Amino acid sequence: MEEHKALPGWKQKLHEIIYEADTPSGKLFDIVLFFLIVLSVILVMLESIDGFDDRYHNILLTLEWAVTIFFTLEYIARLVSIKKPLKYVFSFYGIIDFLSTIPLYLSYILAGSQVLLAVRAFRLLRIFRILKLVKFIGEASQLQAALKASRTKIAVFIYVVLILSVILGTLMYIVEGDESGFTSIPRSIYWTIVTLTTVGYGDIAPQSNLGQFIATVIMILGYGIIAVPTGIVTAEFARSNKKGEGDDGYMVHVNTQACPNCAAEGHRDDATHCYNCGHPL
Amino acid sequence: MEEHKALPGWKQKLHEIIYEADTPSGKLFDIVLFFLIVLSVILVMLESIDGFDDRYHNILLTLEWAVTIFFTLEYIARLVSIKKPLKYVFSFYGIIDFLSTIPLYLSYILAGSQVLLAVRAFRLLRIFRILKLVKFIGEASQLQAALKASRTKIAVFIYVVLILSVILGTLMYIVEGDESGFTSIPRSIYWTIVTLTTVGYGDIAPQSNLGQFIATVIMILGYGIIAVPTGIVTAEFARSNKKGEGDDGYMVHVNTQACPNCAAEGHRDDATHCYNCGHPL
Amino acid sequence: MEEHKALPGWKQKLHEIIYEADTPSGKLFDIVLFFLIVLSVILVMLESIDGFDDRYHNILLTLEWAVTIFFTLEYIARLVSIKKPLKYVFSFYGIIDFLSTIPLYLSYILAGSQVLLAVRAFRLLRIFRILKLVKFIGEASQLQAALKASRTKIAVFIYVVLILSVILGTLMYIVEGDESGFTSIPRSIYWTIVTLTTVGYGDIAPQSNLGQFIATVIMILGYGIIAVPTGIVTAEFARSNKKGEGDDGYMVHVNTQACPNCAAEGHRDDATHCYNCGHPL
Amino acid sequence: MEEHKALPGWKQKLHEIIYEADTPSGKLFDIVLFFLIVLSVILVMLESIDGFDDRYHNILLTLEWAVTIFFTLEYIARLVSIKKPLKYVFSFYGIIDFLSTIPLYLSYILAGSQVLLAVRAFRLLRIFRILKLVKFIGEASQLQAALKASRTKIAVFIYVVLILSVILGTLMYIVEGDESGFTSIPRSIYWTIVTLTTVGYGDIAPQSNLGQFIATVIMILGYGIIAVPTGIVTAEFARSNKKGEGDDGYMVHVNTQACPNCAAEGHRDDATHCYNCGHPL
């Protein structure tokens, strides 16, 4: 039997603040983090606008440094307040956290890594973790369940759409010449998907009569095909709605605690041990 | 206990005409108002067409003055025939009514406020109040109920779509250069939403092979994602339809009366007191 | 009591051939008519292609004359074989039949009525009458019933979409200048509907940052709004499907007979008198 | 009574490997085939890109020859290991297999048949046969069943959409002149379908006020019409879901065997004779 050593007091405290949202200080931390993430993503956006960056370069840079330092400290705190830091480092959110911190440092070490700075926009992914706070997590999990249940059907659907796109794209490549923009089969497939999904940029458009006729068929096909994923998801929603009415075991009531050992989340309200590693909560 | 003083006779009469649609004169007033609103919005549209305004400037101006004077008188009448005028002034419809009246006067006082005249098109919002007349209010309230019930799910959905757009937009900004139109991250996000929602203007379109590949993925994503709101709303409609069959308490039967004290609307047919302030109806 | 005089023998015979599809000759007539209509519409299309018309003008004209003469004879036959010709003349199909016959004659009388020739394409509407033949009329009537049941809801929906378009269109007119193509409010409304319905031509596209932001909101709105008509129709289909399973009185079994007196169609299989005028069938 | 002669041993063996996926060698064969098909389609795509073909022409040609020779051997093996080769040759997959093999040979015999090489992309259709392997065949068959059940309704729908497109397209041809791109009725119909399906390329766009107004109506129509196929398919899915819950006879459990006599597929797990020709399995 594995023995679970408790974390020392201050680490325990830090763990509660950073990883959970049950205590007031934990909640405050999450709210501050939320606004810093949003701020930092807005900074990245503003920097990318040429005129704006020229005028306010220093303000933007200062703010960026402030955010980066906060994220660095937070990353270190996350490392020390968890029992298995390596597991965290290589987890999905661990990697995102690392990528959120590193770019500004890198831009000083590596030359020409300016473009890399845009990677900071992925910080936005961190927001999903804070979503724990938000009340509509239950709704989201119902959405997720419905999508999960119809996963295979949607996979079959996308598979058929892709094969269809390759074949119709090739057909259009044969029918239309280079002058209409159908310069290669991959480009024709790109056009077919643009048409089938009813996006229709118009950067490539068939010119010949036969090409326009085939395009027409593809459009009506796409118009009809869109009914399939909708039908799948809707039927699933209707079913999950009905289920939800009959028994109330459908929705799992979880809280915002994270295991201090392995950082697994989504524990039941009445859980006393981590469902993942058995560590006491 | 608060005492509700009745309005004096002529104010009571005016209140009935302006705020309600139960009496013949109240109905007539609403119909006249309806046509004046539509007429005034058409005037605003015609004015904005350069050639048209040049030729018929005087006719348009005269008609606009007629409408403005009518709206001014109506606004004053609304103020005097209600017990708590301030509450009306700062209510949603109070502000709309004010904004419907003021622009023409302002254009004489302030120079360069020509563009402001277009604000008059918001007069169209006033029509929603007159909708009380129309018989299909019941259907609308069923629509509203279904949308309300799926509100949180739709919020989650839009939230996920927005985060996705920011991340995919940034990705496209990194992949595509300035020459294809992806000049800044906000512009790339704009393009991502244009693509994800299958609108597809084509003013910005990816040129590189990798960019077109990612665009393809975004399109198929958008094509599948559209199933989600549809599924949510449809399942809700199906449920509300079923509900409506079983019990008939789903639809609240309301009439077109408005409280003479606080102007609250949507009272039950059998109501004797305002549900909002307790004033007798 | 009104007395129903039977038509003389040959008129009765002609009526059966032209107006009904129960007898072999009636069926043959409908099939011939079907192909002539399709042929004549194809002729109209081919004529409109400049190069094609130049080369084969005489063949096209000869065929067009053949079709027109056939339609003329048919129109006369329809007139003589019905008891109340005037009622036929001013009925929906009576007008369509007349418009299908007249354009070629007119083009010789009136100068500059060339464009009028395109009116002949409306002949296609005549096909709906021959649809009586086709077996899937039952399915169509189920579709129709579902659409009819959700009529009011769809009307409310379109009404709200239109008001929204006017307001958002005006907003865009204020925000965007003339140089992006938003030259007048009606044109801005046109753009708003192009965007809201996710068509997205790209002939007009916002250039300013604020304009692109509002456009983004409109797109997401349109993306969500499309769920509403789908939800309405789907819930209706689901209901009518369920109904159809329970009782079989939902589908009315009709035959292809038309009343010899008033040309009303869609009589029940077991009908002995016209449901419209009481004439024996 | 017809006597079913068993195939000689090695042919029996070959049949099992090529046509079935129950044995390990049969499974391996299918996996190899799968990757060769995907490889060969990728080759076709790469060849179509001008720059790529110039640089790696020899590698591409060698790989293409390898694939073609494999397909040729496979085609011969399929011929000899089946009892009624002619039936296979003229079956759907027989023709696809033949078309997958022949183009490279033809390009040496016939001059100017380069374009014909693109036909090789149709090899992708062969993948559908290998799909037998994949576990989600059950889901696919449910999708298929739902689509089949709503086939007639969808046919009616497409029929109405087509007639509508012809009529609206003609109307736009009359309203808009040549200068906006509406140069012929077929082209106008093409534009109408582009608009009605919300694709909206923008290569042709109405310029006149009346034209833009009609376009607006068409868009809203298309926006509403999209609800119909969705409604049909969704209601069907919901029904088939419900059915699947009640009785479990809905899904037919089939295996991947093919009849050694007639190559019919989709036999029940417990079948001992071919459902098509009665040959013992």
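Each chain carries a letter (A, B, C and D) given by its place in the written order, and its residues are counted from 1.
The rule we apply is simple: contacts are C-beta pairs under 8 Å (C-beta built on N, C-alpha and C of every residue); 3 or more make two chains touch, one makes a residue touch a chain.
The shown structure was predicted, so the numbers you read here are calculated from the model rather than taken from an experiment.
Engineer: Moving only between chains that touch, what is the shortest number of steps from chain A to chain C?
Structural biologist: 1
Engineer: Taking all residue numbers at the chain A/chain D interface, are over half used by both copies (same) or under half (different)?
Structural biologist: Homomeric contact, different residues on each side for the most part.
Engineer: So if I superpose chain B on chain C by CA, what angle comes out, to the nearest 5°?
Structural biologist: Chain B sits rotated relative to chain C by 90 degrees.
Engineer: Please report how many Å separate the Cα centroid of chain C from that of chain D, as a whole number.
Structural biologist: Those two chain centres are 33 Å apart.
Engineer: Report, in whole Å, the distance between the mean C-alpha point of chain B and the mean C-alpha point of chain D.
Structural biologist: Centres of chain B and chain D (C-alpha means) sit 46 Å apart.
Engineer: Residues of chain B touching 2+ other chains?
Structural biologist: 186, 189, 198-202, 226, 230, 232, 234, 238
Engineer: Based on which chains touch which, is the overall arrangement a line, ring, star, complete graph, or other?
Structural biologist: complete
Engineer: Would you mind writing out the residues of chain A in touch with chain C in their complex?
Structural biologist: It is residues 198-202, 230, 234, 238 of chain A that touch chain C.
Engineer: Can you list the chain C residues touching chain D in their complex?
Structural biologist: Per the touch definition, chain C meets chain D at residues 41, 44-45, 48-50, 115, 118-119, 121-122, 124-125, 127-128, 136, 139-140, 142-143, 146-147, 154, 158, 161, 186-187, 189-190, 193-194, 196-203, 226, 229-230, 232-234, 236-238, 241.
Engineer: Quick one: which bits of chain A touch chain D in the complex? Just the residue numbers, please.
Structural biologist: Touching chain D from chain A are residues 152-153, 155-157, 163, 166-167, 170, 173-174, 183-186, 189, 195, 198-202, 205, 209, 212-213, 215-216, 219-220, 222-224, 226-228, 230-232, 234-235, 238-239.
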